[in-house]
Every structure is written in C-alpha cells, then in structure tokens.
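Across the two complexes that follow, chain A remains constant while its partner is chain B and subsequently chain C.
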Partner chain A sequence: MSSSEGERGPEGLETSSSATRPAVSSATRSADGPGPQAARPSKLGGILSLLASELRTLFRRRRTWAMLGALALIPILIAVAIRIAGDSPSGRGPAFLDRITQNGLFVGVTAIIVAIPLFLPLTIGVVAGDSIAGEASHGTLRYLLIAPAGRIRLLVVKYLAAAAFCAAATLTVVVVGTLIGWALFPIGPVTLLSGTEVSVGEGLLRFLMIAAYVTVSLLGLSAIGLFLSTLTTVPVGSMAATAIVAVVAQILGALPQLEWLHPWLFTRYWLDFADLLREPPVWDSFADNAVLQAGYIVVFGLLAAARFVTKDVLS
Partner chain B sequence: MGDPGGLGVSAESADSAGLAIETHGLTKRFRSQLAVDGLDLAVPHGAVFGFLGPNGSGKTTTIRMLLGLVAATAGEARVLGAGMPRHVDSVLPRVGALVEGPAFSPYLSGAANLARFDAADRWAPSRTRAARVADALEQVGLAHVAQKKVHAYSLGMKQRLGLANALLMPRELLVLDEPTNGLDPQGTREVRSLIRSLARDGTTVFVSSHLLAEVEQVCSHVGVMSAGRLVAQGTLDEFRDAGEARALVRTPDADAARRVLQGLGMHVDGSISAGRVADDGGVSRPADASADVVVTATLETTPPEAVVAALVADGVRVRGFEVERASLEQRFVELTGEGFDVVQ
Partner chain C sequence: MSVPSAGPSRKAVRWIPAVAVPIAIAVGVVVVPMQANAAVDLPDLTPKQLLEFAAASDVTTLSGTIEQTSELGLPDLSALKGDLAAPSTGGAGSAGAGLDDLLSLITTDHTAKVYVDGSNARLQVLDRLAERDVYASASGAWIYDSSAQAATHVVLPPDADLDALATAMQGEADAAKARLEAELGAALPTPEAMLDQALARLGDSTDVSVGTDSRVAGRDAYELVLEPGDPDTLVGEVSIAIDGENGVPLAASVTARGASEPAFSVAFTDIGYTAPDASVFAFTPPEGTDVTEQVIPVPTVAELEQWQAEGATGAATDHPAPPVTVHGEGWSAVVELEPAAAQGAPTGGAGAEASAMLDAITQPVAGGRLLSTSLVNVLFTDDGRVFAGAVSADRLAAAASER
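Right after this comes the complex of A and B.
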C-alpha cells in the first residue's frame, strides 16, 4: 500500500469526519429526503437539472470536441481545396460545389451535403450509441440509477442530449462553412433554386433552416442508437451498430428493387432539403421528414424504454 | 450448514416496523446458477449490519436487488419500509450506497463526478450542491484532488470518492459493498471510524465484506452468506455464542467414553490419540494406560459438569476435560466452508 501513501490528504477520514459532518447535515436537513413532510420535487425540474448536468458532461468531454472538430474540418477542407485548385467543372462533385467561387456562403451547404451520408451518422452513432452502454461500461449507470435518476428520466435525458449533439454537429458544419467561405471567397446575395436572389442575411437564414432540417433528419437515427445502447454494456458495439444501420438504410434506399421499403427508411428524406432554397420556401419535405423521424422516435423510444425499464443492471 | 433461525434472531424479526432492510425468500437466478437463494434478511434500524461471505457468495447480487438495480427471480425486499424495486424513487434518496466498487466517468474531475450523481437525485437541492460536494470530499480526505480527473486517481482514492458519493446527502441507510477494497490499513481504519460516527448519528449501515476482521469491530449485527444462502444472522453476541461448544475428553478408555457421551445425546465427532509414553516425563506405564485418546463431541445443551459426572460414574478414567468454544473466525469458516478468504 506504499503507493497510496501520497494520496491521503493532510487529514484523513477519521479526523475530518467529525469536523465536517454536522456542517453537511445542517446545510441540507431542511431539504432532506422524501419524508412525508418533504414536498415532492417536480418531475420537470428533475429532468431539467439532470439534463443540464448531462449536457455539461457531454460538452465538457474531449471526445465531443474532437468530433465537432472533425466535422468542422469538412468545410475547411472543401474551401481550402477549391481556393487552391480553383473552380471545378460545373455539374461534377457535390451539389452547390460549383457555386462556391462566386459565393462563399455555399461552402456550408456543400459541406453538409458531403457530411450527411457518413460523417454525421458516425458522430451521432458515437454519442447515441454510447448513451447508456457507455455508462454501463464505466459502471456509472448503477450510481446514476441509485441516485436515483429514474430509468425513464435517464433515457429521456440521454435522448435529449443526443439530440442536442445533432444540432451542435450540423450547426458546426454550417457555421464553420459559412465563416471559412466568408474568409476565402467573395460573399454576395444568394441565388436560390427558383432563380430569385435574396440578401446575404436571408441566405444565411436559409442555411440555418437547412441545419435545422438535417438536425431533424438525425433524430430518428439517434433514437435507434439509444435503443441499441440499452442492449449492451460494450459501447463500441452499439456505436458501430448505429453507424452501420445508417449506412445500410442508405444502401437499401438506393436499390430500386426495394421500392416498397423506401417510404419507411429513416434516410429517405435526408437530402431533400432543396425545397428550403426556393422562394418562398416549400415546407412539404420538412414536414414529411419530421413525421417520419417522429415515428422512429416513438417506436425506438418505446423499444428502448421497454428494454431499459426491466433490464438487470449488472455492470 | 447452520440455520438462521437458530441464532435467536426470530424474536427480533417479528417486529418488522423496526427493520431498515427486510427480505423474504429473496432469490436471484442467473441462467442455471442460483446466485442468491431464499434470503430472509432482517436488518434493524440503527444497526451496523456486517454482511459477510466469501467471494461469489451473493453479497453484491443481494445489494443490487435491494437497490432496485436487479429484479429478483422470487421473493420480496423491503428497504426503509417500502417494497423494492417498486419504490426506488422514494426510497433511494434516503439511501447512500457503494455497490461493487466505485465507478466514475474517468474524464471528469472528482468533484464533477459527485456533482453529476447529485444532479441525478431529484431530492438533492442544486443550491447547496457545490457546498455538499466540497464537504463530502473533505470528509474522505480528497479535498486536495477535487479538481483532478478521476482517471488519475488511484484505486484507494476512487474508493474514497465512492464513499463521498454515498455521503452527499444525509442518509437514513448506507449500503456499503466491500468499502475497504483497495484501501491501505490506515484507510481501512478511517472507514471503520466513519461507520462508527455515522452509526452514532443514527444511520443504519449495511456493510458487506469478505473479511470478518474488517467489520467485526464495528458491527452490532452480522449475517453470513455462503453459496447464495444466508447461513446465519443475528447480533454479534448471538453469533459469537452460537459457536459450537465442544467437549474434549482425554482418557485411555476411548470406547467407554464414546458410549457415555453418545448416551448423553452428544455427537461424537472425533478421537485423536494423544500423549505418548515419553511425553509423560519418561515415566514408564503399561502400554494401554499410556495410550491416551482425546475424544471430542459437540456439547449441545448438556452442562459440562454433567458430562464429567456421567463419565466418572461409568468408570471412565478422565485425565483431562476441556470445553472449547469456536472463535468468531472459526465459526465463520465453519459456516462458509473451507477455502474462505480468512483474515491474514
């Protein structure tokens, strides 16, 4: 036990306990446990306080920033490559790529189109797939549950945190893309798909609407990841499975033989946000997408709850 | 294996209003294996209950069921008067626990980890959170590493942090699963003194251990697990007294002695030849006379003097008589079987 010699404080448990215990007790006695006299704390307040703590934890984590940094690299790479190599022949490469040299604002949209099939699902897979399995693998799940966090409450909070990450991820791509485009290319009024020209401000608003659209697109996948995360105590498994599900869904969506299946795939509307770039914006695909994603949230949310509520926590 | 009822705890368990933890036939089966088998625990309010048993005897599984982490296969558990796991929401805020070792998010500091668990408790006021976290860290001697990431903590430091987590709020019941694992002797002493001081304030402490010596000094009650079964429970004194008393009779008339002892209803469980001629100071004796045998038998309820009187009355040459009571530790080995990880 020689190694632990240096870790003990100037005062050990023995001496400090008697000194500080009364202070602890008196500080909290008034608001102590759920005795018959104590007012029941509100359910919403409980969720908000746990959510705040969860968001703080998520966004304090180096891994989260590494993923956001990697996503930020996408628009940066695109912008720098075009700046160095010059314009690409029209009609090749991702949509809007050929517009960038005329208007730097298009870097963000181009980057998000590049990020949607793989990069965004990968990072969502990491966050959503890790949500419960990661806690289980660290053993912190049992301590959250005996706190007691409440199983449903914990699931809801974990899902909301994953959704917050979806928003952060898409915003990172769009915002960094806009900034780098601003820095490297001329900026001007945005020509919409309908041919109308709108101001820079209006154009930026449209791009934010696209970010919102993509965020919504990822909510179904987040619910799938949350569910997969309740199945295992090995987070790598549920993370990889979530990413694979996203890729498989896109492959299935590309096979004309499976036409009957396409309306049910959560990836179906992933790239259909062009309607937001019309004047006036057409919201149909946004609504269809939202309904589809909501369906996935309900189904996989219920599956996750059914699984998690009865799950033996043995990790 | 002994019978829990045989320790006189039944009178106490009848008064279930005074029980902080109460289980009836609590059972957990993992596939084919019975990890916990028909447990009838009775932990009175205000007790320091030592939950003893070798590794793999089902202590942690029991604790997981008590805390609603694991569903029982059969039986029921009541903690602080309410059924588990149905009432986890109202019971667990009054319970502090350390289960199967401490566990933290390695990328967060010690203080941040505690704040996180505290935020998960709806009854813990966020207003006092920072102060309570600081107090708890101070209490376990970790104040100086509060801002250090947990992955840089040693095992002993994590164990202390786990204890701090259990102490974030004033608790009615503390469930500590092997709280001294990984602690140095000084840390072990500190934990014992912490348990004592908490018990003085009226907190019920349920502490598991595979080491008798670790809890013996602080416990008022003990329960002993062996292979998933509760083989004994009661106050420490009851436990001590329940150790089998055995009569050791030293005599050359082993057969006659055995007959007499059996006649008294005692169970003769051994006879060892003792004493050689040379052992008796070289005094020469007839061969049969020198072949002393120590006959051992369980004393049960027979008074020792009655045993001696009966032996003498039957003409057995009693050359030595001794009543031996098992030490607490022997009692323990007796209950849990060999291979037990006994105190060094």
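Right after this comes the complex of A and C.
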C-alpha cells in the first residue's frame, strides 16, 4: 500500500498524511501514560466512551433494527404457521418443531436452530464486515483516527460493538420466540432431551444460557468479519465474504472426507447448544466452543491488527 | 497505533504476532498431548498378571464420557437414512426405523455419558439436538428416545422371585460342582488356574501381549494387545486399555489387518470414580411421550426344576434347532443365518426400502451380494442365506458353497 501512495495523486497523498499524523501523536501520548486532556482520564475510560458512542451509532441505525426485525420474524413465522396449520408429524422439520404445540416455550429454540446456519451469520457478516470498511467508504475512518484514539483501540471497540450485536441478535430470536410461543400455545414444565422435566423458570434460564452459547459461537465469525473488513474499503465485499466464509465452513463441516479439518472449523459446535438441554447439563461443548472461538478471536484479531496498523488510511 | 507509513521491514515486523500465534497454537495442540503420553510408565506386568488385575477390579461407581468412532469403510448412509426415516415416521413400519437406528449406530461416531453407582446405571447417548437414554435400576429399565418422544419400560414380572431363583441356581451350581469333583477325583481348578488354561488355549490362536503404557481419559493405563495368529481373519489387532490404578477397562479398539488406524474404537475421554448424584438416575416419562411396557419373562423356581427334569430325560429335544450355523472356529469363524432368521427383521412396507438400501450398500458378487467393510464381510446369497464373519469374501463364498 505504501508504494501506491505516489500513484494516488495529490489528494490521496494529502489525506493520507493528515489522517495518520494525529494517530501517531495519540499513540505516543497514550504510551507515556494519561494524556493532558481531561476528557480522557485513562485508556479504559477512553475505550468505554468510544464504545458507548459506537454502540449508540450501531443501534441507532435503521439497518440494525431492520436486521433485528427480520430475525424476530423467524420465530413469529414458525409460531403462526404451526398455530394455523397444526402440529407437524414427529420427526419432520427442524428439531423441537413437534414440541411446540405441547409447550410454546420451544418456539425460541426451534427458531435458533433455523437461524443459526444462515440468518445469524448473515447479519453478523453485515455488522462485522461493515465495521472498518464502512467507515472507510463513508470517508469517516480518518476522522475516527484523528480523534485521540489509537488504531488498535478503534479495532477493539469495533469488535466489541459487533459482539454486542451478536448478543442482541441471539437474544432477539430467543426472547421473541418465547414471547410469541407464550402468547399462542399452552406452556408448562419444559421437557429436556433426557426426558426429565424442569420448571418454567429453569427452562427459561436454560434458554437464556442457549442464547449465551450461540452468542459465543458467533464471536469467531465476528473476528473473521473484522479482519476481512480491514482488507477493503468496499463494505459490501467484506460483508458478503464474511457470510460466505460461514456457509463454506458449514459445507466443509458436512464433508466426511475432510474429517481432519472439522475440529478446526469455527462452525463445529454451532448446533451443540442442545447440550444445555440435557439433565444434568453437559458443559463440555460450551467449554470446547469457547476455547475454539477464543482461538479464532486471537488469530483473526491479530491479523486484523497487523493489517490495520500497517494500512494506509486514505479515506 | 503508530507510524503506518514506516518502511517495509517495520511493516513486516507488525505481522509477526499475527503469524506467530497461529503457529504457537498449532504446535501446542500437536505437541502437548504427545508429551503427556510419553511420560507414562507403570510397573511392568505380564499379560496374565494384567488380566488378573483387571478381573479383581472392584469399582462399582463411576461417571464418565465415552466416545465411539468407526472407520469401517462403509459408504455414508445419511442420505439413505433420510429416505428410510420419512415413511417409517408415518407409523407404517417400525422395522425401517430399527434398521436405520442400527446403521447409524455402526456407521457414525457417538459420544455418550455413563453413570454407574452401586445399584443404578445410566447411559446417555448425546446425539446432535437429540438424546437417547437408558436408565437401569433394580426395579426395571427405561429406554428413552427424545427425537421420537418415546419411552420403553422394561420390567420383570411383578411375581418374579429373583432371590429364590438365585438361591436355586446357586444350589444347582454347587451340586454340579460336587458331582464334577467326585467324577474327577480332584478339586476343581481355582480361577487363577482357569485363567492359565484360557491363556494357554488363547495362545494357540492369539498372541497376547502387554503394549505400551499410555494416558487414557487422563489416567495412566496399561494396554493389553491381542493379535490373531489366524491368517484368514481380517482382524489385525484388538487393543484394550486398562486403568493402571484400579483395573477398569478404559478403551477398546479393533484394527483391521494392515490398517494403521482402528476400524472401531470405544474409549472413555474422561472418567471419575466418585458416585454420581442420585438425581442423575431419576426418570419418569414426561407428558406427551409414547410409553411401551415390556415385561421380560422370568421362570419361577418350579418352572426351572421342570425344565431341568425335561433336560435330564431328553424330552426337550422338540425345540426347533437354532437357525444359526457356525463354520470354522476362532477368529475366522463364519456365521450362517438361515433364510427364516435372516428375513425376520424387515417386514411389511419397510421391506422394499430395506432391500433397496441393501442394494445401495452392497456390491454384486457371484452367487449373491456382498457388504464389504474393513473388518467384517457379509454375504447375502441369492437363496436367502446370510454369511458373516471377520474374514475375506472368498472365505465367505467357500462357506456358502459347502452345502
């Protein structure tokens, strides 16, 4: 990229240097300890205020609410369809579908199963893939860097915002599913996979744990999206690439010939959240999943950081 | 963070963590388990001592995770399974579903949890988004399938008097022992002597040895290796890992001749010997479950005595001969099923689908169709007989042409 500076013409060259110089000074200052500005008492405080403004921006966007609305439609469609068409024969369709008429609380879990392969990765792809590339394409990235915030810090804040969206998206599906199930079907003690029954309260707690599991499952994909987002200034490119990565990983995971690769795929434990619906709950997959996703966060976080700090910000 | 317009070498330096960390992770994943394995060194035992040690194991409580993997070289049957499962869920043919279950049990990998305390046991097969459970206790057993939402209750008849039966049997055994000792004019061999004999007999056909110590499920374990000497069998090696502390078998695997990876293996991935919580064994079928009651017939003491009387006088010979014939012996034995027994399983509407599936997973050979795996061959002859054994297809064909 640095060699291309000369070819960019006077404007590009100018913006490049004006965008990078403040970043340099801010990094030097933060390395020396708290800067002179009263508005930024500590590194952590800086990150928090930046995160707060980032979250405000994210959750004020109409696009974010449109995506959450689309996700909320999944459990609503499932519940209404079953309400109108009646019970489905046991064993057909996604798991738990045949339990909804007995217990409406299962709408949320069924909707999660439907949403995990495509819809959730798609929305994560939009948010994570847009994180850096979107700012670059709007020409706002250099202003973010002019503000006293290091590049790494901006990257961390962007990632945390994407993670917050993962949690919001998953909770939307589970909570809307539970509410619509509550409204349309009888509810009662939740029958777990082991054939034991737990109270409605514990059932809801388990569904919340499933939401947490699925959120953790999506963190690796968010890191990949963040990295892809630093590669380009065309947000659509990194959004599509992120969604495609998720689909490709699931296809690879379905091919028995590639069994050696399966433990390394970030989609490996995506559907194992049902381990939380056993009695006693099996936590192995939760732990394995967390370790795997942490590995993806470290690897792709470092890749994104390496790419972003060496990148010439031209817009 | 800082100067982005630095020279190419500075830029390269910034990529170092992004490259180094994945390498470190990969190295850690590969090297750490190898080191863990290398460190195991248990006191040396002969195969006989190891078998005695395992037999003397008195562990009655454990909980752990079992993993079963199979690389039998069968084609992937998931597509076929889908076809089979669809009609059978309509309630038409349970035989299709049974065959489907059986195939999935053999051909796919499973993870299961096992809980055992003194009087209860539970097997929990962890399927993706589903679960199958067996809860066994003194009062009977529950078999639960979450995807079918069906439970089967297996019980003994209420009037079964197991204690009296056990006493009667024990008395019979003592009497038989006394008769035998009188005939032989000497005391019957001790268990140790019998183990010697068994090992000696096994030694003719099988090479029994103690392999390298290793770590299984986080425990130091001995390895008992059985290698068939019979050149006709497909089995190359059977390996059993035995806990070095208390003699509990932790893993078993069967490797086909010439293969490097086991064709079939069952192993604990973690195990603990404390008694599991009692709530683990509790089961009452939830609402909306299809419950099937099944009573296992248990003979009373009087019936047992009557059978023995019949057996002594030879009156019980009108029982139909078992439709199973065994050709050969040892590792290269071939089992033959008569047409009646072989066709017993798939009946009714599911029969056509089952035979379609058989066509898909078998290949035509002279005189029938062959299901070939790395460990076991099964020959379905055109006249309806079935031959199975851990031997080559040629041996099966030879056994089939004997008659």
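Please note the rule applied: the second predicted complex is superposed on the first by the 275 of 315 C-alpha atoms of A that agree within 3 Å, B and C clash if a C-alpha of one lies under 4 Å from a C-alpha of the other, contacts with A are read in each partner's own complex, and residues count from 1 in each chain.
The criterion applied here is as follows: a residue touches a chain if its C-beta (ideal position, glycine included) is under 8 Å from a C-beta of that chain, and two chains touch if they have at least 3 such contacts.
A quick note: this is a predicted structure, and the numbers were derived from the prediction, not measured.
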Q) Should A:53 be classified as contacting the first partner (chain B), the second (chain C), both, or neither? A) first
Q: Please indicate which partner A:143 is in contact with in the superposed arrangement: first for chain B, second for chain C, both, or neither.
A: first
Q: Considering only the touch criterion stated at the top, classify A:45 as touching first (chain B), second (chain C), both, or neither.
A: first
Q: Determine, under the contact definition given at the top, whether A:278 touches first (chain B), second (chain C), both, or neither.
A: second
(Q) Quick one: is A:310 in contact with chain B, with chain C, with both, or with neither? Answer first, second, both or neither. (A) both
Q: Give one of first, second, both or neither to describe whether A:86 is in contact with chain B, with chain C, with both, or with none.
A: neither
Q) Residues on chain A in contact with chain B in one complex and with chain C in the other? A) 5, 16-17, 20, 23-24, 27-28, 150, 310, 312-313
Q) Residues of chain B touching chain A in their complex? A) 64, 67-71, 88-90, 92-95, 97, 99-108, 112, 115-126, 128, 131-132, 135-136, 138-145, 153-157, 160, 163, 165, 167, 169-172, 183-187, 189-191, 193-194, 197, 201
Q: Spell out the part of chain A that touches chain C in their complex, as residue ranges.
A: 2, 5, 16-17, 20, 23-24, 27-28, 89-92, 95-96, 98-99, 102, 113, 150-152, 188-189, 191, 193-197, 256, 271-272, 274-275, 278-280, 282, 284, 295, 298-299, 302-303, 305-307, 309-313
Q | chain C - residues contacting chain A, complex | A | 1-6, 8, 11, 14-15, 17-18, 21-22, 25, 65, 76, 85-86, 89-90, 113, 124, 126, 128-131, 133, 142, 144, 146-149, 151, 277, 279-280, 282-289
Q: Report the residues of chain A in contact with chain B in the complex, numbered from low to high.
A: 1, 3-5, 7-14, 16-18, 20-21, 23-25, 27-29, 31-35, 38, 41, 43, 45-46, 49-50, 52-53, 57, 60-63, 138-140, 142-150, 154, 310, 312-314
